[in-house]
Structures are given as structure tokens and as C-alpha cells.
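Have a look at these structures, which come just after this line.
In what follows, chain A forms one complex with chain B and a second complex with chain C.
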Partner chain A sequence: MGDFSPTLTQRQAQERTARRVVFVLSALPLVLIIYITAALFTRFWPLLEQYSLWDLLIGTQWYPMQGKFGFLPFITGTLWVTAVGVFLAVPPCLLTAFYLSEYARPLTRVLLKPVLDVLAALPSVIYGVWGVLAVVPFVGNQLRPVFSQYLGWIPLFSSHQPTGYSILAGGIVLAVMIAPFLIAVTYEVLMTAPQDWRLGSLGLGATRWQTIRYVLFRQSLPGILAGVVLGTSRALGETMAVLMVVGNVPQMPRSIFDAAYPLPALIANNYGEMMSVPLYDAALLGAAVLLLVIVLAFNVASTLVLQRVLARR
Partner chain B sequence: MKFRWHRRHWSEIIVKLLMYCSVGLVFASLAVILWTIVSKGLPALTWEMVSQTPKGGFYLGKEGGILNAILGSLYLAGGATLIAFVFSLPLALFLETYLGQSRWANWVRLSLDVLWGIPSIVYGAFGFILMLSLGMRASLLGGILTLALLELPIMVRAMDEVIRRMPYDLEQAALALGSTKWEVASRVVLRQMLSGIVTAILLAFGRGIGDAASVLFTAGYTDSIPTSLMRPAASLPLAVFFQLGTPFPQVQQRAYAAALILTVIVLVVSLGSRFLAAQVGKFSVK
Partner chain C sequence: MSNPHIQVCNLNAWYGSQPALKNINLAIPRQQITVIMGPSGCGKTTLLKTFNRFFELTEGARLEGQVLVDGENIYDRAIDETEVRKRIGLLAQRPTVLPMSIYENVAYGMYIHRMKKNAREYKDAVRHYLELAGLWDEVGKRLHDPATALSIGQQQRLCLARGLAVEPEIILGDEPTSALDPISSQHIEKKLLELKDRYTTVIVTHTLRQAKRLADYVVFMYMGEVVEAGPASQVFNHPQQERTQQYLAGMF
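Coming up: the complex of A and B.
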């Protein structure tokens, strides 16, 4: 039997080969990121040769046939929808995460885990269908009349169009989509807090909520913030679900009941005709570059913070 | 000593109520979503839907089914998962054993996290220009490759999670017995992470089958069942999206049915992965 087992030299040779393969493979993710950015940017370049980046970013006119490419409506649309989504999602998600880590019995955790898993696993097009069938009518028929009647004098809540296809509908759908993510990250961060902090605070006579508010929340704030930023970057790039409920009108939105046209929706809706109009493809891939740059910035910053926080364990 | 109500007791109760509401909200949103999909999709679901390809006039409400999209999605996600697996298994396996906590390993982890966060529409656009420069048209192969890029970071991360939770002693014991790192990785770690592999594969498959934005540019859409890697392929998410966009109620009904089918597939994959992982996990050292 011993005849078949490799000799030490063979094993060392095997080891060296494996080591080389690993180092080549481990460069793959970084190379991919650089390559994706560079490839998209090269396609964006022809547009930058004709217009200055600043003009593109603050231009509000989008008429590809006439050669007018203003990205501002799309950038604002993206930011509005994302902001509404994150604003709606953060409070309940933080509370849920606090509940899970500080109050819940093991049974509740066991029950909630698959629910969050399924919410995270549902495809975005399913969220889109739900949005079209449930959220859009709800926003259009229930929320919009109430808000315009009682709070219509606040510009943020005034309504200029009769349907529910709006920033608010997109925000609600986004909020549900990023919820499992936010809860999971916050829970992870809270789990790294040493038990002594809790015991110390409770031992001094603080209630659980006081412990959360004055000890855990303050100490975990960097991690929680990083989690929220990471959730925001997920929301920024969400395409299908938002595209289906947000109305897709290239305008500068003024209220949450206005339709908007986020960057991902712009790319997805127009890819079919982009080769037929000059510079149109450069403009659409430029939209992809903008999206990528925003998301990358959010991502790198929050991931660096989170890696540090989670390494405390 | 008599108990006296203080402001902090009230705030404790109020916050607790708010927390119950939040948890309830999470449960309720899943229930509402599933209810919407099932109640709309079930009446529209017929045997014809899952067993036939679209016939003439399908998009005006005539007969036919979405077998093309179901099979197309399975091919796309299956192929992508296979390719992603080939690359991510060694990457995850050796990230810990060879690179450990070194500076380079942290770079690799950071770039994986960043890749994981890149929106699928950007992958779609990237796949599209890649195919343009190679002179390819929208095809099954293009879709598979783009989805594989999307799935790669998800898979590596899922595997890496399991490897990191592995008992440190196990690796040390194997090294102490004189094994090379390669032997540790391929004989010890690989066996320990079987459950992680199962979870990772199913997680990535579920992601891949539900993603619409990346296959929109790269896989195209067709009414026939894909027979070659170079031909376009239909997919379920796009079937839902396109059919919902038509003005005909009969066609929209089919979108609901397609959405239900997609939801069922994703749910089975997601819940099945927990079950399988638990089964396989029995054989690893805790």
C-alpha cells in the first residue's frame, strides 16, 4: 500500500503548484472590479470628449435624438427613491435587530431567521409584481388623497399626478427589499458587543432600553452606520422592482408622489435602441459608470468599517 | 420597598411595543407579498402554462405556455452556478488556509465584498459590452457568463463563512501531523465545509434564477426552448416583466402565474438549502 502514497518531494511539488494557482485565483476579484470599471469607462469616453462631465451631471434635458444628455433628473430620481426607502426601512429594522439580539427568546430567533432568508431570497421582479399589484394602488388610492388633503401644503407631500406610480411606491418596495439585509448586518454588529457591557449597565440598575440606548447603540454606532450605508448601496442599484413601480418620467421630482426615473431604470429601459442613435450607447453606459462609482464609494467605505467592527469577535 | 413608576419604565414599555410592531411588520410584509403572489397567480396557473411554449398570438392572449422561460431560467442559472462553483470552490478553500489573515487576504475579501455589492444591471451592461467586443449576440452563453460573475462573490462568501467557523484545532492538528497545506485544504477543510458548499450552491442558484437585470442585455428573449449555447434564451423574471407590461389582461394573468412559478422555485431552493445543509452538516466535526 505504501507504494502508492506520494513521496515527500511529490507532496512538496503539489504544494508549490497549489500555492501558485491560489495566488493567481485570488487576484481574480480585484482584477474583475478594475476590468469592469475600465471597460465601462472606455465606452463612456466618446461622450466625455464632446461634453464636459460637469455639464452632463447638471444637465436636466434628456433628448438623445437631439444630442442632449443631462443626467441630473436620473441622479436625483435615484437619490430620492433610495432616500425614501432607507428612511422607511431604518427605524423598524434597527428595532427588530435590537429586539432579536437583546429581548427575543431563542424560539423567536429561530422563527424569524427563515422569514428573513425568504425575504432576502425573493427575486426583485417578484417585489416588482407585488409593488404593481398592491403598493401602487395603495399609494395612489389611499395615501395620496389623504396626504394631499391634509398635508398638501408641504411641497414634499403635494401630488401632481393621479396615479400611484411614484417615488413613495418605489421607496416602500425598496424598504422591504433591503430590510432583511439591514436587520442581518445590525444583528451581526450587536452580537460582537461584549456581554460585560450589558451586564455592567444592567447591574447599575439601567433598564434594557437604557442599556441599548446609552451603551450598545453608542458603542455599535460605527458598525450600524456602516450597515445602513451598505444597505443604501444595495438600494441604489436595485433595478427591476423600482423600475416597475416608479413611473419612469425623466423630470426633476418635487414631491414623493411624483414619478421619477432612476439610473438603473434608464439603462434597463433603453438598451434596445441604444445602438441606433449616435452617442446614446455612450450615455447609457455612462449612466452605468455613474451608478458603479456611487455604489463603489459607498461599498468600500462601509465594508472597511464593517470588517474592522466584525473582527472584534 | 414600594415600586414606583418612573419615566424609564414607561419608555421601556413603549419601546418594547414598538419592537413588537417592527417584528410584526417584518412577518406581515412577507405574508402580504406571498399572499399577493399566490392569490393572483394560482387562478391563472394551468397545466398548459408549464407544459407548452408560446404559440402564435400568445402575447395577445392566445394559447401557449411559458415552458421556454422555465427551461431557459434553469439552463441559465444552472450553467452559471456550475461555472461560478468551479472558480469559487478553490478560492474559498484556500483563502483561509493559504492566505489566512494576511494583508493580501484582506484585500481579496474586500474586493469580494465590493463585487458582491455591484448592482446586477452593471454586470448586465458589462456583459453586454464584453459580448459586443467579442462579436457575440444575445445568447444563452452570454447570459450564463454574466450570471456566473454575479454569483461568484455570493458563493465564495457563503463558503468562506463556514470555513471561518471551523474549529481552529482541526487544521492545526492536521498540520502537526505533517500534512502540507494542500492536504489540509483538500482532505480536512473540504470535508468540514460540505454543508457550506451545499448552502452556497443553492444560495447562488436562487440568486441567479431570480435576476432579471443582468440577463436582460445578455441572454435576450425567445419563444423557443434554447437548443444551443449561441442562441438567445428566455428567462422567468423577464417573462414576468414583459407580460406584465402588456395592456392585455389575459397576458397579465400569465405574468402572475409566471411570478408564482418563480416564487415557488426560489422558496423551494431557499428552504431546501437549510434542510440539506442540516443533513450534510451532521458529518462534520463541531
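Coming up: the complex of A and C.
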């Protein structure tokens, strides 16, 4: 035994070091989140000493020069653009995923999947440029007149400004951006469904669509929801592409044809400029804190919902 | 054979470039149990899958020839494969229960074909078919439990009940007892024998003893071809072909 002990100790020391290194590395993300939150909050603090948090949250006036910092237009803008994007993206994405997994021939799959992957990899500024050149004119010149003529009596579709720089334009760009993602997740979820389910259902004379509707969709719902949550998180934080098409007017939006000013756009557009304005820096970092809180709250809430959905079966 | 239920004419099938069935000509008698037997890889499951149009679900599967059910070619362009599968039920090698409750598993097929008018009728029918499959006594009090909670033998009887519920004329069984314990296998065999007056039954098996217990009519396949087919007593007692004799003697 004596001969073995030196190597053994060496190995144990190595093991201890390895364990410590991997632990520190794994803990790093958590430390970073805490550190970022703390740092943002510290810089936000001066604003909170002057105004109550509630007043900032429900304030609709944004005039930094006059010391008016109301965040509500930005919070609303973020939520509206995200909601429109997700609403537009989910139905066609689910259908596409169903097509790919249930109907498409392998050759179609092999050809389509890389296209989707490329779409997911495009830099967001490219989506922004496409949005400015194609989506904004389409919304402004085509959709807006039609909607205001026929559905203008519905406040959600009324028109208050002549351009296409709007929540709808931002939503469309976002929908296209999160689509590859939603399709990929749903597709993967469907591919994990046992072949027996399909054979059991088809064997009774069900059509493919009935099999999707009554068996696969129901069973894949938690996975699909998880995909939608990830897509929504991404949409909440998407900055560049949205910023380029959404108009960036700090106002309370009333219609999807109104311009809006989401939180990420506010920060990206203004940080580093006019920093001599008192409390401006604190207000922008406050916007960052709010964005962080919204994304975290959304993720926590959706995790809880997902757990309840799973627990019910 | 007069008035066969299924008739196979010049059927050839391939998986990719690999031939699976070679020029099959066969008649399957009405309201009897036909057993297709043969060594593994001889094409018996493939042949069975051509009867309910499951063959085409395999990638690269290709087929020529005809399968006539009551004189009608089920591969005719005008034929709806879902209608074929409703008329011809399949009991798979392993039970393929759907991820739903016991009740829903039986009601599902009736529901997608809109076969009943109201909840009462569905309830009665579910009970009827569970009784027919000999499962009611075991599950009648827990119809809303997930079907996956049942033992594998019970699951297979649930699949039988579910298949019967869409009122098929023909029941196919692809080695339907091979995944089951001996007692559960007996249950299934007993049910198939009880039901054979009402349905045409075609069973694939690789166990000779099961073939002898069940068969009224026997098809022996080897290397994608039908070597011999005839009434059970004839094939088992006086096989005409040398390869059938060898198989029955346990030589392969």
C-alpha cells in the first residue's frame, strides 16, 4: 500500500482542484446576475430618492429636462410590441412545425431546416433594415388605410399618425425573428412523441390532422408552451430591429398603428448622450432594471404555469 | 375458395431497392382465423401491413399489385386510406395505447368517425366494447385513469376493445401476444377465438404452437414469398412443399 499512497494523494488533490474549478465556473452565471442587478439598482437609486417607485411606474410624462420621468409609456410599448409579435408568430409557427414533423417528406425537411437555422442566425440589424424598407411602408401604405377604413371604429385598429413606424411594424419584425425559434422548438417536441401514438391513432382510421389535433398537440402542449416562453423572452429584450421600425415616440399607445417606445430602445438610443441632464443616467438604468424585472417575472410566472400544466396529468 | 374476404393479386413490395414481397397471390377466408407464419424476416408483417395501408407509412416503401377487400382494390386511387383502416383494425406487436384515459382510448375512434350521437351512447358503447374485450371487470371502476397505468396485457386488450369499437370487418394481429406474459397471451388468444365468427381475423406469428392453437387457415411464407397456403389441418398434417415440411419439423 505504501507505494501507492503518493499517487493516491496526488490524484485526490487533483480531484479537489477540479471540483473547485468547475464549481466556481458553474456559480459564475448566478454571481453575474446578482452583480448586474445590484449594479443597475445602485445607479437607479438616486432617482428613487427623488420620486416614489409607484409614481415612476404610472407616470406617463417623459421630459428629462423638466425632471419628468414616467416609465409607463415604455413599459406599455414593450408589452404591446411583444404581445403583437408573439400573437402573430405562434399560429403559423405551430402549423409549420406540424407540417415539418407530420406531413413533410424527409427531403423537404432536409431542405427546410437549414433555411430556418439561417433565419435564426441573421443579425437583428438586418431584420431592422428589412423592417424599414419593407414592413414599415407595407404597414403605412397598405394595412393602415384598409384597417382605418373598415375597422377604424375599433380603438385597437384606429389610426393617429400617417407613417408605418408603429407597434404593428415592430410586431411583424419580431414575429419573423422569433419564428425560426418557435418552429424549431415545436418541431423537436413533436419529434420526441412516440411513433406508437401516431400508429395507434392512424390505425383506427384517424386522419393525420385528427392525430395532430387530438393526440400530438395535447401531449406536446407543455413543450410548445416552453418554446413560446423562450420566444417571448427573446422578443421582450429584442432591441435593434424593433428600435428601427417602432417609431420611438414616448407616448401612451392606443392602437397598434401608433408609434411606441419600448424599454430596450429607450436605453439603446439615449445611453451615453445628454448625460449632463440631472438624473437622466439614473432613469435610463432604471429602465434597464424594469426590463430585467419584466423578463424575470415573465419567466418565473411561466415556469409556475408550466409546472401546473405538467402536474395536472 | 368461394367468396374470400381478402384477395391478394400479384403483389410485389419493396423497401427502397430491397424486395420485401415477391409476387404474392392469396385468398383469405371470411370469418375464420388465418395465421401467417414463417421465420423472421420472411415478409409476414409486411404482408399484414399492406392490408390496412400501414405499409406506405414506412419511408421508401413501394408496392405493385392489388389487395382486394370484398372485391374492391384498397390501393385504388379513389379509396380513402382512413376508411380502409376503420374497416380493418390492427393489433400491433406492442400495445399502442394513446396517451389518454382508458375511457378516451375506447371512445376516440368512435368520436373521430362521429359514430355516436350523445354522451350516453358513447358511455354505453365504451362499456360494451370493454366487456367484449374482457377488460370491463378490471377497469370499469377506473375508466378515467390514464391508459398507461394498465399492465401491458391489459393495454393490449384495451387496444382490442378500441379497435372493435370502430366496427371493423377484419382484425389484423401482428404477433399480438409476443410482448405479453403467458396469462395475458391466453386472454388475447381466447378473445380472438371467441370473436372469430363475427370478424375475419388475420394473425402473424412466429410461434408454431400458437399457429396450431388458433389457425383455421394457414399461410406459410419464406423469403418474401408464399410457399404454401391452405386449411390448417391440411398444412399442418400434410404439407405439400418441402420447405413447409422442414419448417414444421423445426429445421429453421
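Assume the second predicted complex is superposed on the first by the 281 of 313 C-alpha atoms of A that agree within 3 Å, B and C clash if a C-alpha of one lies under 4 Å from a C-alpha of the other, contacts with A are read in each partner's own complex, and residues count from 1 in each chain.
The rule is simple: contacts are C-beta pairs under 8 Å (C-beta built on N, C-alpha and C of every residue); 3 or more make two chains touch, one makes a residue touch a chain.
What you see is a predicted model, and the numbers here were worked out from it, not measured in a lab.
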| item | value |
| --- | --- |
| Touched partner set for A:Leu32, first chain B, second chain C, both or neither | first |
| Which superposed partner A:Gln219 touches (first chain B, second chain C, both, neither) | second |
| Touch count on chain A, higher of chain B and chain C | B |
| Which superposed partner A:Thr207 touches (first chain B, second chain C, both, neither) | both |
| On chain A, positions contacted by chain B and by chain C | 206-207, 210 |
| Residues of chain A that touch chain B when the two form their complex | 11-12, 14-15, 18-19, 21-23, 25-30, 32-33, 36, 39-40, 43, 91-93, 95-96, 98-100, 103, 108, 112, 114-119, 121-130, 132-134, 176, 179, 183, 206-210, 230, 233-234, 236-240, 244, 264, 267-268, 271, 284-285, 288, 291-292, 295-296, 298-300, 303-304, 307 |
| In the complex, chain A residues that touch chain C | 106, 196-197, 199-207, 210, 214-215, 218-219, 313 |
| Of chain C, residues touching chain A in the complex | 52, 54, 57, 59, 82-87, 89-90, 92, 94, 96-100, 108-109, 112-113, 146, 159, 162-163, 166 |
| Touching residues (chain side chain B, partner chain A) in the complex | 8-9, 11-12, 15-16, 18-23, 25-27, 29-30, 32-33, 36-37, 40, 87, 90-91, 94-95, 98-99, 104-115, 117-126, 128-130, 149, 152-153, 156, 180-183, 185, 203, 206-207, 209-213, 216-217, 237, 240-241, 244, 255-256, 259, 262-263, 266-267, 269-271, 274 |
